[in-house]
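Before anything else, here is the set of structures, which you'll find just below.
Both complexes below contain subunit A, partnered by subunit B and then by subunit C.
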Partner chain A sequence: MNRKNSVFDGLLNDNTVLSSFMVISPIIICGDTLRNAVALIYAFSAITFLSVMFGSFVPQKLPYALKIIIYAVISSLVYIPVRLAAEQFFPDIIPRIGIYFMLLAVNSLITVQTEAKFYRMKRGRMILSLIFYIVGFDTVMLITASVRELLAYGTVYDRIVDADILISGLGKPFGGFIFLGLFCGVYRKIRFMANHLKGAN
Partner chain B sequence: MQKIKKSERFVWIDIMLTLLAIEVMQYFYYGIRVVVLSGVCAFVSFVAEIVSLNLVNRDFTADDLTCISDALIISLMLPAVIDFRIVAIACVFAVIVVKNIFGGRDNMIFSPSAAAYIFMLVSWKNQVLMFTEPHVRTGISEKAENLVSSASHVFNTSGRMNYSDFEILMGNMRGAGGAVSILLLIVSAVILILRRDISFGAFLGTIFGTAFLAYCIPVCRSKYDSVKYMLVSNMILFAAVYIISDKRIAPRKNYYAFFYGFFIAMFSYILLLKTEKENIIIIVSVFFTPVSLAFRNFEKNIEFSETEGV
Partner chain C sequence: MFIIDGIILLLTSNLILTQALGTSTLFIAAESRKKLLGTALTITFFTTAGSAAAYFINNLMTEKFKNLTLLFYTLTIGLLYMIILILLYFTGKEKFRDIRKYVHISAFNCAVMGTLFTVTETAKFYPERNNINDFMLSGLQAGAGFLITAFILTAAYKRLTSSDVPASFRGFPAMLVYLGIISMAVYALK
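Let's look at the complex of A and B:
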């Protein structure tokens, strides 16, 4: 099996956040509680999946610059119903997320990876690969938010846990940046060791 | 190269000696808890250094012992009664996140102690800025009571310092152990400058900048008092000796280092007047490290162009 072309790459080997350091700002700024994380996961998953799917019907013969503009227009249109639904599901969270909710509409998975990766695949494979890329982002968001919420506020999904010492700095953007940086470091170390082991075998 | 390494180790020994002298003074004021606090800092930093170097496949050498001097600097910026777990987390943060992730002691971007202090200030502000009175000794496992704000906080908010000159010199005032031992800090500064262990330019720039602004824009009625109290409060002297003048970070040439220190003093003074936050010079010193890096690059470019010209 060619590892580079695996549909599971988006989850582990080529994780959008940990490997490419893309779409990090919502995680750093808003990924400090699980409630925020769930809202962002919903928004990211819905906008990205629908935008990439609709975008795949854009003729590939069009000039690159024009296609990128069309993708952005499509994702902006997808953003509208997703936002309206989000206001019903997460009425308290959306104002807290602020501009980062809107920025998800032009995330790099839609604007960059579509042309570079997804639209070069067959449709069925593309859908599978896209789902794993989205799940990869969602997993990182969930892990980051749960750890930060636990350590910074001593809660898990707003339920107070018996945390003896709190590091409130982790709830701040700089804390998120540091945590994500460490997470990336650990991820890369594990990936390197796994590849090394595979090579040895 | 060997000579440079040797001199770096002598610098570390000199700094350690001055820090230990301040530790002894703090033991006199706050008892055994200060010593245990410093021990915890040194031990955790040492272990974190070994573990993090091991993770990046590097050997621990005598040069890496700078983590212990950084740990002592951290402990001297804190109240004696602070929770040991907080300082342990801060030391791990200083060694792993601030120092070794950016490439270790050869590629220092921030002062580990200053960055760790800011981290603690953001995460545990109340514990970092509340102190016991001098001569109140707290046991190792005791929980401190009757905590008070530092003398710097009172000075920032009221413009008054209710201590005699002798008390200020001896460090017999409320505040972080190391930061208030003014006489010892002056002696340490003189020793470290004469032995060329710290950047004289950066030290002079910081002191001159603070004194100059305190004279021009006084915070008290008397300009003399303004200069005097500004220099002994808000960790100005401590930061000038151990953080801003750190040769690992400050520009190499005294001329540039002076302006580096002067800018830090100027901005911290303005921010202090605006916000009344204590120890703001530590925060400013971290934010000014890009300035130091720019000065260092500038120095390199000048050296390069000079050698090319020759």
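Let's look at the complex of A and C:
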């Protein structure tokens, strides 16, 4: 694997949500407005980055199950200051996000992917790769929230826009499932086409 | 009629279809019936035992330490994770090799942790449900809900991953749309 591939994998080829199918519940349930999305992006980015960084100091010789528990405990500890800061930055959003804020602390990127991917890399490459995995999630969350807010409520960041057609179901959980499914299909189609073009060249 | 009422209750309070909790694990579980049963049983163990532990944690912890809730829940699930692995190891090495993958998948996922938080939230809204029996029953219900949704997905799994579905939508995207339609039907039942 060359350096360029490793760095961009999390953003395009191996996107956390669209390729690896991880951390999808906050996107389906809370990814219906940009305000929610910004708070979740902050929480996910801060908790995941700090937890993976601290977790990288855990001795690799320990049994697998024990390491997973230690990673989960580390992220539960990282959650506390992140939550306290979020209560200052997003006081009205935190109650709306509810349990999904806490669930971000035990996301699969921390508990599973660390062992399978990040801790097999050298530290510098791991940091770069981790950043792009986080950005990959953030991008999907932003796109999903923008489109769903616009089409479901006719607003963008709570500002009313001139939308002719509203599909209120997109703001509901089933709308989240369907939208994410379609988004994933379109993403794959684009990837197929890009690979096809690369092959032709 | 009683059975139909029970199924409707399990569907309308289903954590996957109404809150999308444990969707990623569901996709892994739906691959085969053996995997489905193994994962669902392990998740049910974690949600039931975890909910019982959550009841005691909630009642022992003061409001001042509410930010430590996640840490205590994580430690509880971690302890259950170790206990179940140790028990399996001493039951037989072959059994341990067969079953441990389900334990690894099931321990730290949104379905289990989400159940603990959802049961706690429900008890806050309905104080009469703040007792050990209701906590354990809700945990059991969450596990049963996972099993039902996994069965629903397994029934269509082969078709959703078949070559009849366009390549871009085959598998995961088609499964998400399918779950969305089931979720819409459950939403209408509410």
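Rule of thumb we're sticking to: the second predicted complex is superposed on the first by the 196 of 201 C-alpha atoms of A that agree within 3 Å, B and C clash if a C-alpha of one lies under 4 Å from a C-alpha of the other, contacts with A are read in each partner's own complex, and residues count from 1 in each chain.
One rule holds in what follows: a contact is a pair of C-beta atoms (placed from the backbone, for glycine too) under 8 Å apart; a residue touches a chain by one contact, two chains touch by 3 or more.
If you're wondering where the values come from, they're calculated on a predicted model, not measured in any experiment.
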Query: With the two structures laid over each other on chain A, which partner does A:Ile127 touch: subunit B (first), subunit C (second), both, or neither?
result: neither
* First (subunit B), second (subunit C), both or neither touched by A:Ile94 -> neither
Larger residue footprint on subunit A, choosing between subunit B and subunit C, goes to C
Query = In the superposed arrangement, which partner chain does A:Ile29 touch: subunit B (first), subunit C (second), both, or neither?
reply = second
Check: Where does A:Gly169 make contact in the superposed view: on subunit B (first), on subunit C (second), on both, or on neither?
Finding: both
So, does A:Ile80 touch the first partner subunit B, the second partner subunit C, both, or neither? second
* Give one of first, second, both or neither to describe whether A:Gly185 is in contact with subunit B, with subunit C, with both, or with none. => both
Problem set entry | Partner chain in contact with A:Val147 - subunit B first, subunit C second, else both or neither | neither
Subunit A residues where the subunit B and subunit C footprints coincide 169, 172, 174-175, 178, 181-182, 185, 189
Given the complex, residues on subunit A that touch subunit C span 21-25, 28-29, 64-66, 68-69, 72-73, 75-77, 79-80, 83-84, 98-99, 102-103, 105-106, 108, 111, 169, 172-178, 180-182, 184-186, 188-189, 192
In the complex, the residues of subunit B that touch subunit A are 55, 83, 85-86, 89, 96-97, 101, 119, 122-124
Note: in the complex, subunit C contacts subunit A through residues 17-24, 27, 67-71, 73-75, 77-78, 81-82, 85, 104, 107-110, 113-114, 117-118, 121, 166-169, 172-181, 183-184, 187
Subunit B partner, complex, touching residues on subunit A are 164-170, 172, 174-175, 178, 181-182, 185, 189
